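As written, the chain order gives the labels A, B and C, with residue 1 at the start of each chain.
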Amino acid sequence: MTRETQLKLQAWLDGELPAADAREVRRLVERDPDAAALARELQLARQWLAAGETLRSVPETREFYWAQIARHLTPRGTAMPVLPQPARDWRRWLAWLAPAAAVLVCLGLWLFPRLASLPSATARAPEIETPADDLGTFTFRSDTEQMTVVWVNAH
Amino acid sequence: MSHASAYSDASDESLVRQAQEGDTQAFEELVFRHRDKVYSRAFSMMRNETEALELSQEAWIKAWQRLEQFQGESSFATWITRIVINICLDAMRRNKRLHAESIEQLAEESGGVERLLPPTQVDMLAGLERAELRARIEAGLAQLSQAHRTVLILHEFEGLEYKECAKRMGCSIGTIMSRLFYARRRLAALLADLKETRKP
Amino acid sequence: MSRVFPVSPRPAAWWLVACLLVCLAPAPALGMGLKLRSQLIWGTNDPKPGDGKCTDVEPAIRERLSRVFKWQNYYLVKSLDVLVTPGETPRVRMSEKCELEFKLVDDFTLEIKLFGEGKLAKTVRQSLQALRQGELAVLAGDSKEKFGDAWFVVISQPRK
């Protein structure tokens, strides 16, 4: 069997041979035991591979794997939210409410850290900041494990 | 229903739509769902844990960048798998590993030792459990060159036609046919050997 | 209510007093400084070396690390307690190459500087509130000495 015949036989099994050539190859397989044996072997290989590949688990935790991806994700362009125009009547109230709200916000900003630092204060999300951020490091947090990680890549 | 479970209960299509609008949590859920499949494909092609990890992550980053192009013609799993395959092929090209290793290349191009081998007639893997069957195949694939393994992955696992395999691997259809032929025959021979050496 | 308060309560006045007390109260513990524990931990899949240089990591920390990272084993190389007081920047040496410097930026923020071979590698700011609530601040990286292993510097507030 020539090299060309062998490849034709394979193409026939893969359904990639034109009809005329396919008839010719089928006749060859029927009358030539070597061609039949080769066809059988190629079919076996196809059959085995049909079982698919072994599914492997990523050897990292979800958080660690994701963190390395997340630091490269650029935010998509988002439209500025359209705020509804307040009704004319409300504007008069706003003139009073705005300063009052500002006073409350200032008071809140001043009081909140002090209240939060008391042992009985409501839990506050931890913060981590990396001012000297560079490309070689990335930060992620595991909420479940209460752990903030800064991974420093070796250069 | 909590926010987290809203993501875990959502379909891939819905998560893709949310991610297309910029929702990274929806994208994280997609990563979580398909990361093993993507990593497995990268590992099958590269046979190296570190490379597979890095390339699979690169695939997810590329997927995020191109997510707007995903129109749902195929499933998301198929789409992301194709991305990781292309990234692995690029990596192989960079490392010049797609040019089949010398001895096998010569064997293949000269008409090859596989022409002289008697064809395997007995299905030595018949009756095996699916997991064991996969493990044996895996062992066989691991012994092939990267170029031969890749052609099997593209043709058999991904179901690509010769023409499509050739386009992706950057070679002629003739080369694909030749590599596929060699890879199948070699795999059959390797599995036959494997069976012989494992006999009690 | 009248049993609780011996005198008749005047809500506005009580609020004023409460606010004043809260405002005047100093942030807890910082006056005396902040006690921190810094631990250098080795992450590996290998068994513990027999040279006695490493010991077992406290189980609670080991379990938390192993739920986040892939390594099977975590060994303690060095553990140091350090007292950080306002205005001071104590520096501790965790290994031949690794040093840490701590600084209280304000009542709520701790700054940690990581030095590798004398050079500043990273500056991290961590909420003191989070540390008080059991947060672990972890600086980590791949080992340059052994492929596949990793080092971790775990900073926490020791339990009293």
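Everything below uses one rule, namely that a contact is a pair of C-beta atoms (placed from the backbone, for glycine too) under 8 Å apart; a residue touches a chain by one contact, two chains touch by 3 or more.
This is a predicted model, so every value here is computed, not measured.
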| item | value |
| --- | --- |
| Identifier of the chain whose CA centre is least distant from the whole-structure CA centre | A |
| Most remote chain, CA-based centroid, reference being subunit C | B |
| Length of the line joining the C-alpha centres of subunit A and subunit C, rounded to whole Å | 31 |
| Subunit A and subunit B, separation of their C-alpha mean positions in angstrom | 18 |
| Inter-chain centre distance, subunit B versus subunit C - centres from mean C-alpha coordinates, in Å | 44 |
| Sites on subunit C at which at least two other chains make contact | none |
| Per-residue overlap in subunit A, given as positions that touch at least 2 other chains | 59-60 |
| Touching two or more other chains - residues of subunit B | none |
| Contact footprint of subunit A on subunit B as seen in their complex | 20-22, 24, 27-28, 31-32, 35-37, 39-41, 43-44, 49, 53, 56-57, 60-61, 64-65, 111, 115, 118-121, 123, 125, 130, 133-138, 152-153, 155-157, 161-162, 174, 177-178, 180-181, 184-185, 187-188, 191 |
| For the subunit C and subunit A complex, residues of the former touching the latter | 19, 22-23, 25, 27-28, 64-65, 67-70, 107-109, 114, 116, 120-142, 144 |
| Touching residues (chain side subunit A, partner subunit C) in the complex | 59-61, 63-64, 110-111, 113-119, 123-132, 137, 142, 144-154 |
| Contact set on subunit A toward subunit B in their complex | 3, 6-7, 10-11, 14, 16, 34, 37-38, 40-42, 44-60, 62, 65-66, 68-70, 72-78 |
